[in-house]
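Have a look at these structures, which come just after this line.
Look for chain A in each of the two complexes below; its partner is chain B in the first and chain C in the second.
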Partner chain A sequence: MFNSVSALPGAFSAGAATVSEAGLVGMVTLKADLTDKKVAAAVFEVGGAKIPGQRCIEIAPAGAIAWMAPDEVLIVCSHADAPGVVADLDAKLTGTHHLAVNVSDARVVFDIQGPGAREILAKLAPVDLHPDSFQPGELRRTRIAQVAAAFWMTGDDAFRLVTFRSVAQYAFDVLAMSAKPGGEVRYF
Partner chain B sequence: MLILTCPNCGLTAEESELAPGGEAHLKRFGPGSEDADFEGYLFQRANPKGVHFERWRHAYGCGKWFLAARCTVTLEVFGTYPAQTTEPPTEIVNKIKAKRPDWSLS
Partner chain C sequence: MSTRLGTGGRLIDRTHKLNFSFNGKRLKGFAGDTLAAALMAENQMLVGRSFKYHRPRGIVAAGAEEPNALMNMGRGAKFEPNQRATTTELCEGLTAASQNHWPSLEYDIGALNQYAARVLPAGFYYKTFIHPRPFWKHVFEPIIRQSAGLGQAPKDRDSDRYEHFHADVDVLIIGGGVAGLQSAVIAGRAGARVLLLEQTAHWGGRAPVDGVEVDGQAADIWINNTVQALEAMPNVRLRARCMGAGVYDHGSVLAYERLTDHAPQTDAPRHRLWKIRAHQIITATGAIERPLSFAGNDIPGVMLAAAIRDYVVNYAVSPGDRTVIVTNNDDAYRTAIALHHAGLMVPCIVDARPTATGALPEQARALGIPVKTGTAIAKVKGGKRVTGVALCQQAGEGSVTEEIACDAVGMSGGWSPVVHLWSHCGGKLNWEDQGQFFRPDPARAPISHDGNAFVSAVGSADGHMLTQAVFDSAAAIGTEIATRLGRKVATEPVNVTGPQEQPLVPVWVMPQGAPVEARSKMWLDFQNDVKVSDVQLAAREGYESVEHTKRYTTLGMATDQGKLSNINGLAILANELNARIPEVGTTTFRPPYTPISMGAIAGEARGDIFQPLRRTPLHDWHEDHGAHWEPVGHWRRPYCFPRGEETHAQAVAREIKATRTSLGLLDASTLGKIVVKGPDAGRFMDMLYTNMMSTLQPGKCRYGLMCSENGFLMDDGVVARIDEDTFLCHTTTGGADRIHAHMEDWLQCEWWDWKVFTANITEQWAQIAVVGPNARKLLQKLGGGMDLSASALPFMGWAEGKIGDFDARVFRISFSGELSFEVAVPASQGRAFWDALHAAGAEFNATPYGTEALHVMRAEKGFIMIGDETDGTVIPQDLGLGWAISKKKDDYLGKRAQERAHMIDPARWKLVGLETLDGSVLPDGCYAVAEGVNANGQRNTQGRVTSTYHSPTLSKGIAIGLVLHGPDRMGEIIEFNKVDGGVIRTRIVSPVFYDPEGEKQNV
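Moving on, here comes the complex of A and B:
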């Protein structure tokens, strides 16, 4: 057996907001017809929340369910539970066209927390992050600087960002640089 | 800056989140077709100065393809519509005609 290790264990940077690597997080991608009642029931039973509306994220007891595309949801759970989530989904969706994959180890998760969190991301992503436009409950797939990423708010001034593990160091570096003292824009 | 609304996820995405896919509504000529038709399908493009129908992919977002009607001169966007559309929707054609009386769908 092997021990799973996250991409940048303990990575932490303090500035206008803190940027820290969240450690191991379980993530399961489910591709299926999201309007199918059988799929909705399986997601509810396995993930603990209903399928979110367009571009939304539903917080579940053990994680979250995020709308990624018209035919795709991401189930966030604990790292140890992810293989079980895949097995449960496959069992419940036997005979229904679907694809459930454990993508936990292909990803890295960062937490950005602090009063400058909105600004740090707004400097990197082409997204309107004004409090009037972006609030908890919404998930945004976009890019930060040059890499694909998705983020959502976990509270006031707190974001959770998911990106590919292969670009973990780059993503951490641009986030940390964006948060550097002296770089505040104070627009929001 | 070109800003298009993705009909698949409803976002107004800016150009840097999108990947261009060239001219839309091409008729495919595959195996068994005439060489001239195949060449035309591969290489011949209208490349108009003015109203243009294009394919775009929301590459950094939902990852889905969609189609857009825009003007290549002014960058005015007339509308976006699903990729599963074989010809420009009437609604968009009417919108273009209202703004460009000389233009017609050829």
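Moving on, here comes the complex of A and C:
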């Protein structure tokens, strides 16, 4: 039997905050009419939380539901569960126009933790990361430096960031560079 | 001579000596000095040569407006040209060198230019282009290239790091003088999120130097208390050494923070570029003093009066033992008084006004300083240093009344508000007669997305030149901003004590009737060597627009962008055109306020992270196995895998041979994969592709073409039908994002009511092409239970199942002409699957191949490649792909365009194969020549090569290309050109060189 591997297993850097690759995470893109009650029910039953508001994330017992676009959510789950999530959504939404697709392996996930976490992201993303504006429950689908990314908070001074697998090294490098000692902004 | 005073200096620390060097000379200064202050303290007033005439130039200003003291700073990997000595904080070991001189600053051969000034008038540069014609190339250009230019370009790679930072605020205040501080207090107390920026290392601006008292205390005390109060506010942030560089649409602002320029050995980013979003912006950017135009006003030792005050008070630096002040206003008297208090001699104050009876002139007189009203400087005496001034009547033509020995001159022509940041995003200006300056017009402020003003000017940036008025305006603007943000604010009055000032009298030329010889020695723009006579000449030659005059004379260009010269130049131009100054108007104020470093703009994007590099799940394997990389978009794909001493061509040949005879493995993960799903998916696919896709059966694949609205072929690839509602579109590697955006564009903008969803899942899958006669054997050997037989999975079919333990989608498609399975497994399984293929494939000599082998094999089969056979002007019909264009469909993107006359022209060049008679390889991009020449005398052409390779399979050169009437000319011999002028005789053949019946792929 073989091992499934994430993009940068074990990648870790310490600085104003730690940056570490989170390993394999399950992710399912669901595109559908999010105002449709049947869709909301399916998401709740399969994903374990309600459909989040714009630019928000709902934490579920075994993952999260992240707002991606007016007609798109990302269901975060365990890597092994993702194919089942797709199958369950397809089953529950038979006859309802939707697209559910496993994107777990198209992504890489990083955890950014520490007192400098906000600043590290504010160096790279055009996002208002002021504590008055950005707290757990918020999510931004944006960019870090030159690549697309989405992130949300998993606790105080702790962020989880998702970007594309192919640019995992680049994303890790820009995050680690931004966390390098000496670059503290002390703004927030 | 200029020197350090024995006492004083509010910004320097005399206990902390610093060593630095200027042009190799070892000099000393104090912590807190600017480089300019330290140079003056060491009597180094001469700091550079002028741009055009190479005249000796000294320090003029004390801040960002400095035109002359530009330095080549640092060495090697820390070298940077054109750095202003006046804004450079001195640090231990600083290395500076002056610019634009040869062989040395003291003896510059280029200074001969000034004697040739008569032949270097305004617009000289442009005139040389015109007449006499050959002179530009052979005479002027070599001379100008030798003599012009400021700093040197750095030669080494910059050793520093840089970064960006994004901040969102309610109120951004640019400028940390008293106006900015007071505005911050008001906005801060109102509870707004406030960011206050100051370009220098010090808060409070000019107020302490000007001796202002606030609420009965010295300005310094009020400033310190206020900064402390602001630092204690959780909603306020202060940033020194951070310049507001540019104001853009919708409250977007760039700021330039210099973190380690003053401490270059620190392991920290050197500069940080702030990208700020502000609901409201307050520009508290102060004002800049104007020079006066008199003969010899550029001789080292002539300085702005306020700058002299700055050097004396802030750095305890005397510009000279005897300083003459020349002015048209009361403010300059402060300099005379400051010099007097420092124990220095002011032989006289030359005041062009008929009378001077304000509080400051009276104070000067009381100190025993002679005040000569109605008087002007006829000329400054001296060469590399002021030795004296000749005086005359301001009202006359310059007859000298007396001469006064001095070694410095402090000049003041009044003050101009710094309106740059107000103006960047469209803020308009009014002319103010009393102060003779442009000031922001609050009725025509920069407007944001909601139609409301988002920039306000405050303090002297708004034309309030007296400190009480500065505080009053801060209170008014602070309150207004808070109101705009829906916040309540209580302001406490601030009382300022200071002398009242009498109005200035405009003086644009001194004396007012100066003859042309004198006007040719009156510098307006020190940096670009533009004189009063140059602007007057431009006006006489018909340059009425100030923007044209700027370009023609170079007034206000280069690194200082005319911070000292603009208003004086406008006034001269207006006078010459017999117009009022506001009718002439200003040139456009563009960001940045002062130059910012390239490093700050680049931010983190350098070295390994200059650009994102996309890696497939197999990237590390390729790297470990010696892949020679080819960039494909942001991806890196192996071009070939050379072994040992192999050349690339030998490696490619080996890879092709192995693939055609046994087994090749290709990493095809970069190919775009887009899911299209929904009840209207078939209809959508029929519009996207030229062929009929809606009839494709689940389990089957079809090659398809995608055209732009204009009919041109933009992408191709194999479509697999997953189920009734779902298609999987393969795109080219470079096309994945572009085609996905193209789909969404049509879906969102045009066919928004169609029920179709798309998702780009390119990176979800590692896709490996298993190619060659042994391909099926290898996959069967891995097991897993899928039936991969020709009957169960025929050519152009696909199936899902297990290959070994791997979750696989297997597509029986071929881009090589061999038996081929493209196997997609989830990316997390990709590397293990690749390893498994190699392990099991060893007995078949499984050989990884790269993009070049892929290209050659597809060319052998006559398959087109987007980007080779297409270039944005080619339609499918040109490529013999008519079979892939449905005749049954009413419409598809590009259909109408392909019916236009030019598209159905039978003379369009069409795709054929090309075979040289001698077996050689046609050069890339060569043309088929035809008889005769065109209107430009160029040889006529009748076709061109689009792909050309050596085919290891056929042991000869093969090519495909587009040829006039090509498909009708099979067997004909035509000629292709070579770079050396010769031609290659080439036969037109079928583009399918290898296995034309397709027997090999269909087994």
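Keep this in mind: the second predicted complex is superposed on the first by the 186 of 188 C-alpha atoms of A that agree within 3 Å, B and C clash if a C-alpha of one lies under 4 Å from a C-alpha of the other, contacts with A are read in each partner's own complex, and residues count from 1 in each chain.
One rule holds in what follows: contacts are C-beta pairs under 8 Å (C-beta built on N, C-alpha and C of every residue); 3 or more make two chains touch, one makes a residue touch a chain.
Note that the structure is predicted; figures quoted are calculated from it, not measured.
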Partner chain(s) touched by A:167 [first = chain B, second = chain C, both, neither]: second
Per-residue contact with chain A, leading partner among chain C and chain B: C
Partner chain in contact with A:126 - chain B first, chain C second, else both or neither: both
Contacts of A:137 with chain B and chain C, given as first, second, both or neither: neither
Partner chain in contact with A:31 - chain B first, chain C second, else both or neither: second
Contacts of A:23 with chain B and chain C, given as first, second, both or neither: neither
Partner chain in contact with A:55 - chain B first, chain C second, else both or neither: first
Touching partner for A:70 - first (chain B), second (chain C), both, neither: first
Shared chain A contacts, counted only where both chain B and chain C touch the same residue: 126
Sites on chain B touched by chain A in the complex: 8-11, 13-14, 16-17, 60-64
Chain C-facing residues of chain A, complex: 1-7, 24, 29, 31-32, 71, 79, 97-99, 101-107, 119, 122-130, 132-133, 145-147, 164-171, 173-174, 177-178, 180-183, 185, 187
Partner chain B, residues of chain A touching it in the complex: 54-55, 68-70, 72, 126, 141-143, 148
Contacting residues of chain C [partner chain A, same complex]: 161, 163-168, 193, 237, 266-269, 272, 275, 277, 603-605, 608-609, 611-617, 634-635, 675, 677-679, 755, 757-759, 761-765, 805-806, 826-829, 831-833, 836
